[in-house]
Amino acid sequence: MELGFLIGSVVKIGAILAYLYGLLWVLGHKKLWVKIVGVVAAFAIVQLAFTITIGDSTILNEFDSGLVFQAASMTMIALGLNLIYGFNGQFSLGQWGFYGIGAYTAADITFRWINGDSRGLLVVGIGSILGAVMILGIQKWLSRLRGVPVLSAFTFYLFGSVLVGAVAVVIGNALNPAISPLLGSAYEPGPLSQGIWLQIVYFLAIIFAGVFAGEVSFLFGLPVLSLGSDYFGIATLGFTIIVNTLMLNSDTILPFPEMKGGRGMIGIPKLTTWFWAFFFMLMVIIIMRNVIHSSTGRTILAVREDETAAKAMGIDLASTKLLTFVIGSFFAGIGGGVYAHYIGFLSPGTFDFLAGFNPLIIVVFGGLGSMTGTIAASFGWIFFLEGLLRVLLGQMGPDAPTWRFVLYPIVLLLLMLIRPQGLLGTVEWGFLKAPFVRPRENQHTASDVVEG
Amino acid sequence: MRAFKVFGLLMVVVMVLSACAPAAAPAAGGAAAGGEIKIAILAPLSGPVPTFGLSTKEGATLAVKEWNDKGGVLGKKIVAIVEDSQCTPDPAVNAANKVINQDKVKYIVGEVCSKASIPVSEIANEKKVVQISGTSTNPSVVRDAAGKVKPFTFVACFNDDTQGKVIAKFAKENIKAKTAFIMLDQANDYVKGLAEYFEKYFTADGGTIVGKETYTSKDTDFSTVLAKIAEAKPDVVVLPDYYNIVNLVTKQAKEKGITAPFIGGDGWDSPDLDPKAADGGFFTNHYSPTEDREKVKTFVKNYGEAYKNDKGEPKTPDALAALAYDATNILIEAISKAGEDDATKVADTIAKGKFEAVSGSITFDEFHTPIKPVTVIAVKDGKVTFNSQVMP
Amino acid sequence: MLLDVKNLNVYYGAIHALQGISFHIEEGEIVSLIGANGAGKSTTLRTISGILRPRSGSVHFKGEDITTTPAEQIVRRGISHVPEGRKIFAPLTVRENLEMGAYTRDDPDEIQKSMDRVFVSFPRLKERLNQLGGTLSGGEQQMLATGRGMMSKPSLILLDEPSMGLSPILVEEIFNIIKEINSQGTSILLVEQNALMALSISNRAYVLETGRIVLEGNADDIKNNPQVKSAYLGI
Amino acid sequence: MQNTLVEQNSPPVDLKPRMSLAWVGKAFLIALSLLIVYLLGTNLAKNPSLFANIILSGLQMGFVYAMIALGYTMVYGIVKLINFAHGDVFMVGAFVSYYLVYRFNFQNWPALFFPDMPPMVVVVIGTISVIIIAMIVCVLLATTIERVAYKPLRNAPRIAALITAIGVSFFLEFFGALNFVFSPRFIPYTRPFEVVAWYIDGSGIHSIVAGTQPPANAITFSNIFLIIMIVSILVQIFLQFLVKQTKMGIAMRAVSYDKPTARLMGINVDQVISFTFAIGAAFAGLGGVLYAIAYSSINTQMGILPGLKAFVAAVLGGIGSIPGAFVGALIMGQAEALTMGFISTPMRDAVAFAILIIVLLVRPTGIFGEPENEKA
């Protein structure tokens, strides 16, 4: 029976990787109807596996489905990081912070909504839209002036954001009384806080959470992206820590008593279904693929390969980096929203900076500059660490689970020593295959020491 | 392609691991003759507080072992499945999902930390699995967002309210304190809860809080806070945190010449509490290993026989071990009383029953939280001794 | 024979940079390697000094096989490589740069003697002794690089493009000093784009073309070779 | 590197007079710093002795950070690797000394061999030998890590080495947390000697008698503080000497600037790199022991946060620069202590990082950092 468990887990990992491969292949198919049918089928296969019962449990039980949801949100986060680091070369440790921002924002919107308070949605929604308008407007205005230093530009954006935030709160408060009667309360849900309306709010919450994370990343990235790569990395690590600190004090320093600070936010509706997880994951994959395959994508790659040369070609380094950073953070925010509504409980401990290395490990594992690698590694990583190792060590007596985090770094070390460029290097499959993407294999540090 | 080599390597790792698996398997699930009852123990074996996980695991497995030695329950052998839940929501949820869906477990002991117990409790109630946590004091563990009790979740410890009240009462009556200084960790719900309730009852009784300072759990240098305490000169300093923080704070306080006694909660309880540093302090607890009750004596003896510390001496069980032991015993006893391996019946039995446990005689209130006396323990002359028992 | 290079093959990835090069240097000689950009001159020097590994072939120095000896060991054997582009340690002072040149030696008195000898050749370095390497002018940097190369008391100096980027007067000065170093008994392998200048101080020369030696012989003969004249000397 | 969006978006020819808005950013920064100065100033005026006590506690943290930061800054300077395992080497140093003192009572060895030795000397020699053994173990550990985990990746992408560094760090923490290794407990540390504390008030220096409270307006400090301060400054002086005056030190700088050319000088680059790791580890071990003595509680995760802070301090001071690491660490210590004292304890890390980010914006390579050199 124990061996059965083991084989079952290994087969599951294999099946999921094969499934992802199939999905990418179908998406890459030339005919539109094949794509559509393929995507629907890909959705249906997993959906069926969640529902069809064999023996006394479904083919993929809730343990597996939990892992699938975690892997799906991890895919979005890791893809965002791969865009920032793998494709654009900006070493960021801030992804985890944006993930946290997305999770808390989305959770707060739906939590308030089902508790008869529409201000979450209104304020964040209006704020994100106005914020985008403000950013574009100030950008336009500043572009007419010359020689405005980053710090000054940042000051303008900062004051702009504060203003936009205040306006959003005012509008939100004004509109709230009109909507909240339709929401009812947690005990008696009104017409708008259930059924299809709740699904729409969920969708909006996640999109707004992503946009909000993107806007924060714009504000933060604007000054910080001008730093050199490692310094940028440290500054973004600082960002993750600052976000974590704010989460811990969300009920004291920040005015969000429902987030309950270090106690953790409870009562988030568990709205993430396979449909939504699949939908958002696919959306992120498609957006990212299309960004990379566009001319913007070529600019992004050019900046990574050689900043000086890119600048000489007339590429606007700062805006390219900023754009990549914002898109990457948007993905992280989406991932956070999906995660929050899967787990139903948010605690600042989840967004600790140490866990923030996980997406980095996944991206490097899969191969920098390989979307396929990132997707496969996200699933592989969760299913290995939380699935296989947990099941295996669980079989080996009460002391064994302690070894989980001893084995994990050993595997990590071995893999890095054997394949420093990541599992898939820069290989892409199916849909993601791109003729012009030929990223360099090795980035030498010790300039040209040939034999070590 | 080189990628395949790596996959090959992964497979080899997996094979090696699987080679280990059958060897250890009989220990885990051997005698299936009379059937077996599985109990999952979720403990933070890694993560921020692995030491709590260790005590919990030891206490819970000791209880399981004792029942098995007596022939199991309902004629069936009890199998303990230990899972690492890291005191963090994600792994805890994965662990709970795994034991419920993969191992088909109907009873869960744990988690230790509230932030892990809360998401586990949601799954447990959804899946109608009995969960009993030894030590999660956050009210959200047993109550849902709307404030209703979760039918399948229990805790074996008194809650923050009770303990805060007793600390305040003791400070007022026994220490004769009029002014108090509160030190608390904003991010720790346990500490925050105790501090809040202490403040509530202490001020209601006419005491004054002369200062309130926060720190974080990762701090090691408390001299800034202590400098403020030295300025404020309170009658008592309330420090309702875990022993590791207590060790740091009290030691540094002695070096700063602070003479006010420190007082805290059950988090102080640990064989690693430095009694020299904490000398003159008091803390409330679920039980004292030096108590005279028969139940306590046998537990301390059995635990010491089963587990040794790094010098090879018998270990003294801390409150976490005792509570995990109690939680497991309550659970198994309830199974036995219910007479049936059925989660709903067992949950019912626990809610209504009365249990003789190491931490006193326990009945559960409407929020599945035990009603039991609180023990106050004094740290004096390098020793941790039973001081008094206070009914809240 | 001081240095004997036999049938050297070096690859950069798939590029066959040196295609079976053989040459030798006798004690006390100045030998020039001349050739166009990318002919493999610097590659040859880098292979001799151990920075690059040949795929096949051998390098013998004073009769010993040093083909696979690591670079840092080769210095101890008595070969000093003054790299192309000077490669001064910019954040180190002139004195520290020179001390690094004598890294393989331990006796402080002997090192001081060598340093004094360098100062005789390059009095300008003595004036700049505590200045940072990076703040020197191009000519001074070349002097420092050459002086640094002398500090290990080598029996063979590999000089890579000592005239690169220098004014004609400085080039003249540098080449005079090279001759002077040689006259003190150090053999020199000189790689130069400025073929005329190089040939004027060399005993013998080899002409490289896309990784092969196409011509070898007496410096004067080479200078007068019509092909060389048109291709490299611009006469 | 200070690119601005605006500069780049602007049309290449712009005949209009430039309107400089640089003052906006500057005014923002100045307003921010004025706020901080005001906050600190009022607190100083309100209670000078509390202020001084807080400054002292910040100094103690700063000096400990300085010892760890050195390892980060030197290793980064030479191989451009953020050696995340450094904080765990620090932890191992503390544990080694714990076992020596607690298990083997090693600090008393001089008394066993030389019974006539005065106890004061016994303690000093014993403690120093405990520290030295801890340092040696750390050196061995760090060089092994370097050999096994970093050296094979020297020509691989830099990120691979960073990931292995994270892996090594995880491994040390979780392997150390196994029951038969260090165990996951928070262990009360047994000090090899007693801590003596003093206070200064208007009437001079007095030692604190147990059970009595020093008067108000007194500034307290302990022998641990003095030891940490002196050791940290000595380490600093020693390293300055090493790097500026010795052959090995100059070679380290040469290697960090240009490895291939350093090899041409006959410098064994691998040896120099190993030596750098060893030096850093030795001081991390030293820091670990002093830290454990000062705060007297150890566990396997104790290295994470001081390690991170020390690294931030190194970046703040200009990574690669040894005096920079020192100054950065002291600033870091003060930033933390002052934030804890006068702003808000939970915001401590946030403030520390905010300072880092602001400093980097003004000086992109840190306070003492040289502009990134363009290598040929």
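Lettered A, B, C and D in written order, each chain numbered from 1.
Everything that follows uses one rule, which is that contacts are C-beta pairs under 8 Å (C-beta built on N, C-alpha and C of every residue); 3 or more make two chains touch, one makes a residue touch a chain.
Just so it is clear, the model here is predicted, and its values are computed rather than measured.
K.L.:
Mean of the CA atoms for each chain, then the mean for all of them together: which chain is nearest?
P.N.:
Chain closest to the assembly's C-alpha mean: D.
K.L.:
So which one's got more C-beta contacts, A-D or A-B?
P.N.:
By number of C-beta pairs in contact, A-D is the larger.
K.L.:
List the centre-to-centre spacing of subunit A and subunit D in whole Å, with centres computed as mean CA coordinates.
P.N.:
Computed from C-alpha means, the inter-chain centre distance equals 33 Å.
K.L.:
If you average the CA atoms of subunit B and of subunit C, how many Å lie between those two points?
P.N.:
Roughly 73 Å separates the two chain centres.
K.L.:
Between subunit A and subunit B, what's the gap in Å when you average each chain's C-alpha atoms?
P.N.:
Distance between chain centres, rounded to whole Å: 34 Å.
K.L.:
Would you kindly tell me how far, in whole Å, the mean C-alpha position of subunit C lies from that of subunit A?
P.N.:
Roughly 55 Å, centre to centre.
K.L.:
Could you tell me which residues belong to subunit A and also touch two or more other chains?
P.N.:
Counting only residues that touch two or more other chains, subunit A contributes 248-249, 252, 399, 402, 405, 449.
K.L.:
Pull out every residue in subunit D that's touching 2 or more other chains.
P.N.:
174, 177, 179, 258, 260, 263, 269, 344, 346, 349 - these are the residues of subunit D that touch more than one other chain.
K.L.:
Return the residues of subunit C touching two or more other chains; collapse runs of consecutive numbers into ranges.
P.N.:
Those would be 51, 70.
K.L.:
Which subunit D residues qualify as touching subunit A in the complex?
P.N.:
Residues in contact with subunit A: 1-10, 14, 18-29, 79-80, 82, 149, 151-160, 163-164, 166-171, 173-175, 177-179, 258-260, 263, 269-270, 304, 308, 311-312, 315, 319, 344, 346-347, 349-350, 353-354, 356-357, 360-361, 364-365, 372, 375.
K.L.:
How about subunit D: which of its residues touch subunit C in the complex?
P.N.:
Touch residues, subunit D against subunit C: 247, 250-251, 253-254, 257-258, 260-269, 370, 373, 376.
K.L.:
Give the list of subunit A residues in touch with subunit D in this complex.
P.N.:
That would be residues 91, 139, 142-156, 158, 222-224, 226-228, 230-231, 233-235, 237-239, 241-242, 245-246, 248-249, 252-253, 316-319, 322, 353-354, 357, 360-361, 364-365, 368, 399, 402-403, 405-406, 408-410, 412-413, 416-417, 420-421, 442-449, 452 of subunit A.
K.L.:
Could you please specify the touching residues of subunit C with respect to subunit D in the complex?
P.N.:
So the residues of subunit C in touch with subunit D come to 49-51, 70-73, 75-76, 80-81, 83, 85, 87, 89-92, 96, 99-101, 103-104, 134, 148, 152.
K.L.:
Under the stated contact criterion, what part of subunit B meets subunit D in this complex?
P.N.:
Subunit B reaches subunit D through residues 46, 48, 50-51, 53-54, 186-187, 213-216, 218-221, 223-225, 227-228, 230-231, 233, 242-244, 247-248, 251-252, 254-259, 272-274, 277, 310-311.
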